[in-house]
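In the two complexes that follow, chain A is the common piece, with chain B as its partner first and chain C second.
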Partner chain A sequence: MAVMRKAFGGSSGAGVQVLSASIVLALLSVASGGVARLDQAAVWLILGLFAMSLDLMWGYGGLLSFGQAAFFGLGAYAYTWLTTDKLGVNLHELGTVVGLFAGIALPALVALLLGYFLFYGKVVGAFFAIVTMAVSFLLQSLGMGWSRVFGGSMGISGIPSVSLAFLGIPGSTKGVVAGYLFATVMAAVAAVLMRMMLNTSFGLSVDGVRDNEERLVLLGFKTIHTKLVVFAVASGVAGLAGALYASHANFVSADLMGTLLSTEAVVWVAVGGRGSLIGAFVGALVVRAMGFWLSDIAVDFWLILLGALFIAMVLFGSGGLLGLARSVWERGVRLAARDS
Partner chain B sequence: MTTTQLILLQVLNTGVTMGILMLVAIGLGIIYGLMDVINLAHGEFLMLGAYGWVIARLAGFEGWAGLIVAPVVVGLVGFAFERGLFRFLYRRPLDSLLATWGVSLILVQAARIVFGPAPQAVPTPLEGAVELFGMPYGRYRLFVLAVSVVVISVTLAVFRYPTFGLKTRAVFQDAEMAKCLGIRAPRIYSTAFVIGAALAGLAGALVAPMLTVAPDMGGNFLVQSFLVVIVGGAGSLVGVVGGAGVIGGIQGTISYFSSSVLAQVITLTLAIIVVRVRPRGIFTRK
Partner chain C sequence: MLLETVDLGVRFGGVWALHDFDLQVEEGEVRGFIGPNGSGKTTLFNAITGRHAPSSGQVLFKGRDIRKCDPGERARLGITLKFQITSVFAGLSVLDNILLGLMGPRPVLGELRRSARDCGEMERAEDLLSSIGLWEKRGDIAGTLAHGEKGWLEIGMALATEPTLLLLDEPASGMGADETARTVELVRKIRVGRTILIIEHDMEFVRSVADSITVLFRGGLLTHGDYDTIKSDERVIDAYLGRGRAHGSPGS
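For the complex of A and B:
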C-alpha cells in the first residue's frame, strides 16, 4: 500500500495539471464561441493526449519519432474496424469499449515488432526519425490506395461514439459536453498512468537510456528492452488518442496516419517543452488554437508559419515556450544588471 | 508481344525508375555523408525542378528550356539555403531534421500559393516512340534513361578523379584531419550541397513530363531516397548508387505485377529487415 501511495501520490499532479488545462480551455471556448465550440476543443484535448505520447518517446526516452501519427491512425482504425461493417467484425456498442482497448493494443504490438528490428539494428537518433517517418508516409499511402480496408480518399464515416448502453448504463459520449468530459477524463487518467510509470525504477532507467545509454549497458541494463517498452507504451497511448478521435469525430481517413500530423505533434512537444508531459499537452492546445484562430484570417499561411516554427525552435533552443520565456527573462536581468 | 519483349520493356522501365531515384538519392546521400545533415527539403528541390518547365514556359521559353532552367534554378536555391540556413546545422543531425522539415513545409505551401494546388500536366518535349527490339518504346523515356546514365557517370567521376573529388573524399573520411591539411571544408560542403540540389532539380525536370507536377510530389521521392540510404548505407557514393539500384529495381518489378503502393510497402519492410541484419547497409564493408 505504501508503495502504491508513494507512486500515486507523486503522479496525481499530472492528472491535476491536465484537468486544470482542460477547465481553462473549456472556459475560453465557451466564452469565445458558446457551448458548441467545445466540440472543437475536445479534439484538441485528444491531440494533447497524442502529444503527451510523443513527449514520452522524445522528451523522456530520447527517441525522436517523426511518424507518431502512424500509431495514432492505427488506433483510430482499430476502433473503426470493430464498430463499423468495414471488415465484417462489427461489435456495435460492445465494440466501442473493446475498440478503445484494441486501439491501444494494435499500435503497441506494431511498435514492438518495428522496435525489435530497429533497436537491435542499433537505429538511433536521426535515422530512427526517418525510418518512423517513412512508416507513417507509407501507411498513409497504403490507406489512400486500399479503400476496402482504410476507406481510401473518402475515409470512413458513421463511426459510433463510445457508449456503455450494452451494460444497461444509459447515455453515450456523443453529446458536446459529454464528449468533452470524456476526453478530459481519458487524458487525465492516461497522464497519471504515464507519470506513475515514469516514477518507478523503470522510469529512472528510461532517463538513463536518454542521458547515457552506454553507461547503462555497462551497468548491466538491457537498454534495448527499455526502449522497446517505451516505444510500445507511447504507441499504445497514441493509439488510445486515435481511438478517442474516431469516437469523437465519427470519421477517420488515411491522413490520421500521415506525416503532416506526425510532424505537427513534434512542433507541439517542442513548443510546450520536452520532458514534462503537461508541456506537450498545453503545446498541442496552444498551437492548435492558434491555427484555428489564424485560419480565419489566412488559411494559406498557416503551413508556412508552422514551417517557420520548426526553424525557429532549432535556432532558439529546445526549451519550448517555457524555456524561451526563461531565457528572455534572464537576458533582461543580465542587461539590467549591466546597466546599473 | 513475346515474353522476351515484355521482359525487355520491363527492364527499360525499371532502368528509368532506377535512374531517377539515383539522381535524387545521390544528393541526399552526399549531404548526409559529408555533413551529417538529413535534408528533408530534398524532395522539394525535386518538386521545384519539376516546376522548372512551368517557370520556363511563363518566362517565354518553349521546348527544352525547362530541362536547363530546372537544375540551374534549383542549384541557386540550394546555394541560398546552404548559405542562409543549412551551414549552421552541420553535424547536428536532429536539429537539421527539424529545420529542413520546416523548409520543406514552407516550400510546398509556397508552391501551392504560387502555382496552385492542382496537379499540372507538362507536355513531353520528345513525342512519339522508336522501334526497339521489334516493339515501340517512348522516345522520351529512352532519353531520360540516357541522361541519367550520363549524369550519374559524370557525377561519380567528379567525386572520384579531379582534385575536388579527392578533397571531398578526404573530408568525407575525416573532416578534422582534412582541415588540418589545408582543405577548405566549408567550400567543399557548399559545392557538394549545390551539386546535390541541382541533381534533384534535374531529376524533377526529367520526371515531370512522365508524371503530373504537384506541390506535394516531393514527399514520395524523399521517402524512397531514405530507403535507398538505409539499404545502401550512407558511407559512400557507391553505396547510394547501389542502394538506388536495389530499391528502384524492386519497385519497378513489383509495381509491374501489382500496385505501386504495395511495392513501396514491400520495399519499406525490406529496408527495415536490412537495418536489423546489416545496420550499415548492404554495400558498406564492415
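For the complex of A and C:
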C-alpha cells in the first residue's frame, strides 16, 4: 500500500492514473469492436478531460458550475475559427497548433471576465450554478442564431485535425490510433499539470475556499482571486478538451456550448466521484461507454438507469464510483490482514 | 491608541444593536467584554472585524478610519477573529489549517510557485502547533478534533497571521473546567506583544486574563474598569440580574 501511495501520491500519479484508464478503455474497445472502435473511445477520453475540468471547479474549488460546456464549446470554436475559412483567419496547419492554445486562452479569458462580475458580485452556491447554466444556454442560443460565426443549426464541418508536422512527426492526428494516442497524451499531461497546481500552497488555499471561505477571508486571503484563478484554469482545460473534440470530430455545433452537455458533465463528476480528478475522468468514460453499449439494447432503459445512478450517488455520499472502489479495496485489505 | 471607536452604532432594521459606542484600546492591552445576552458584544466585534458595516460613527485602527475596509483588508491590517462558534477548516488536516494561517496575506499567483509543505514554514507551524498543544495531532482531520481542541486550533490559526489585534469571541464557551484552564494558560502565553479583546461569560476566565473589563448593556457602554470595580458596581449587578435582586455576582 505504501508503495502504491508513493507512486500515486506525486503529481505524476495523476498522469499514470489517466494512462491506466486509457489503456483499459483501449483494450475493452478493441476487444468489443476492433480497432475502429477507438475512434469512438477517443471522444470519451476527451470528454473525460472535460469532466476533470469540472472536477477542478466543483470537487476542489467547491464551485458547482452547470455551464461548463460553455467553455468546452468556446474552445472548440476557437480552434475551428483558426483552422477553417469561417472567419477568414485560416492558419491551416499552423492553425491546428495555435488553435489548441487559442482553445485554452479564449475560454480562460471569458471565465476571468465572467468570474470578475460573479465573484465581486458575491454570486455563490446555487446562484452561481444558475448563472453559469444561463451563460451556457445563452451561448448555445447565440450559436444557433448567428450562423455566419457559429454555423447555426448546420454547425461547421471540415475542420482539420491537429498536425504535429512542426515537431517532425509526420501526418496528422486524424488516424484512429493516432487520434486515440493524442487524446490520451493530452488528457494525461493536463491531469499532471492540474495536479501540480493543486499540490502547491495555492492548491491548499483552494481547499480552504471550498471548506470554509469566510474563515479564509478573515485570515487575510483574497479568496476572490483564488476563485478567479480556479475558474480561469478550469475553463481553459475545458476549452482544451473542446479544441481536441473539434480536431477529432472535424465538426462543431452550438450544442457543444449547451446545457445538455453541461448537465451531463455534472453527472459524470457526481457518478465518478468528486475531488480526485481521476474519478471524474473515469466517471465520464464509464457513463459514456455504458450508454454506448446499453442504448443498443434499450435507449429508454439506459437513461432511467443513468438517472437512478446519479440520484444514488447524490444520496449516498460524494465519493462516487471511485469512493466505492476505494472502500471495497480497503475492506479487502483489512480482511486480508485479518486472515494472515 | 491602537483601536478606537467613536459614536459607533449598528442598526438592524429598527433596532440599534449597538449605539453611541466609544471605545479606546491601548497597544498591549488585554480587554474583557461582558454583558447579558443581546447587549451588543458580538455586534461590536463584528463592527471591528468588518462583518457588519457600522450604521453610524467611526472605527479607527492605528488612527486610520477603517469603516470602508472589508473583513479581508482588515485582516491584512492585522485584525483577526476567533469566532464564537468555532470555525476551522473541518475537512483539512490540523497542519494544513495552520499552514493556511501562515500563508495568509501573500498574493495568489506567488503561491503557484511553492509547495504547501516545504516553504520553510514547517518550523513555524511546529512552534505554533506545540504552543497550542496539537503537534501530536497535526495529521488529524480538524473536524474530528474535540471541541476544545478546535477552539485552540482556531486561535493557533489566528496567531499564525501574526495579528496586531486579536479578537476572541467566547474562547472558553462549551469547555469543561480542564479545557478552560488550558485556554486561560494559552491566552496568558500569547498576550506578550499582542493586543487582545475577549468576550467571555465566565467571570473567573475574564478575571484571570484581562487587564480591565468593559461592560455592555442594551447596545451601549455601561461601565469600564478593573475586575474589583466591576464586580462591586451596582449597575452591573442590576444589568445582569434585574432591579430589586441586587445579590450575587455578574455572570454567575
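Please note the rule applied: the second predicted complex is superposed on the first by the 295 of 340 C-alpha atoms of A that agree within 3 Å, B and C clash if a C-alpha of one lies under 4 Å from a C-alpha of the other, contacts with A are read in each partner's own complex, and residues count from 1 in each chain.
Note that a residue touches a chain if its C-beta (ideal position, glycine included) is under 8 Å from a C-beta of that chain, and two chains touch if they have at least 3 such contacts.
No experiment lies behind these values; they were computed from the predicted model shown.
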If we overlay the two complexes on their shared chain A, which of chain B and chain C does A:Glu214 touch? Say first, second, both or neither. second
Which holds for A:Gly158: it touches chain B only (first), chain C only (second), both, or neither? neither
State whether A:His225 touches chain B only (first), chain C only (second), both chains, or neither. second
Touching A:Ser201, do we find chain B (first), chain C (second), both, or neither? second
Count the residues of chain A touched by chain B and by chain C, then name the partner with the higher count. B
Footprint overlap on chain A, comparing chain B with chain C: none
Could you please specify the touching residues of chain A with respect to chain B in the complex? 64, 66, 114, 116-118, 120-123, 125-127, 129-131, 133-135, 137-138, 141-142, 144-146, 259, 263, 266, 270, 300-301, 303-304, 306-315
Note: in the complex, chain C contacts chain A through residues 49, 71-72, 75-76, 80-81, 83, 87-92, 96, 99-101, 103-105, 107-109, 111-116, 119, 157-158, 160-161
Residues of chain A touching chain C in the complex: 197, 199-205, 207-208, 210-212, 214-223, 225-226, 229
In the complex formed with chain A, which residues of chain B make contact? 36, 38, 85, 88-89, 93-99, 101-106, 108-110, 112-113, 219-220, 223, 226-227, 230, 259, 261, 264-265, 268, 271-273, 275-277, 279
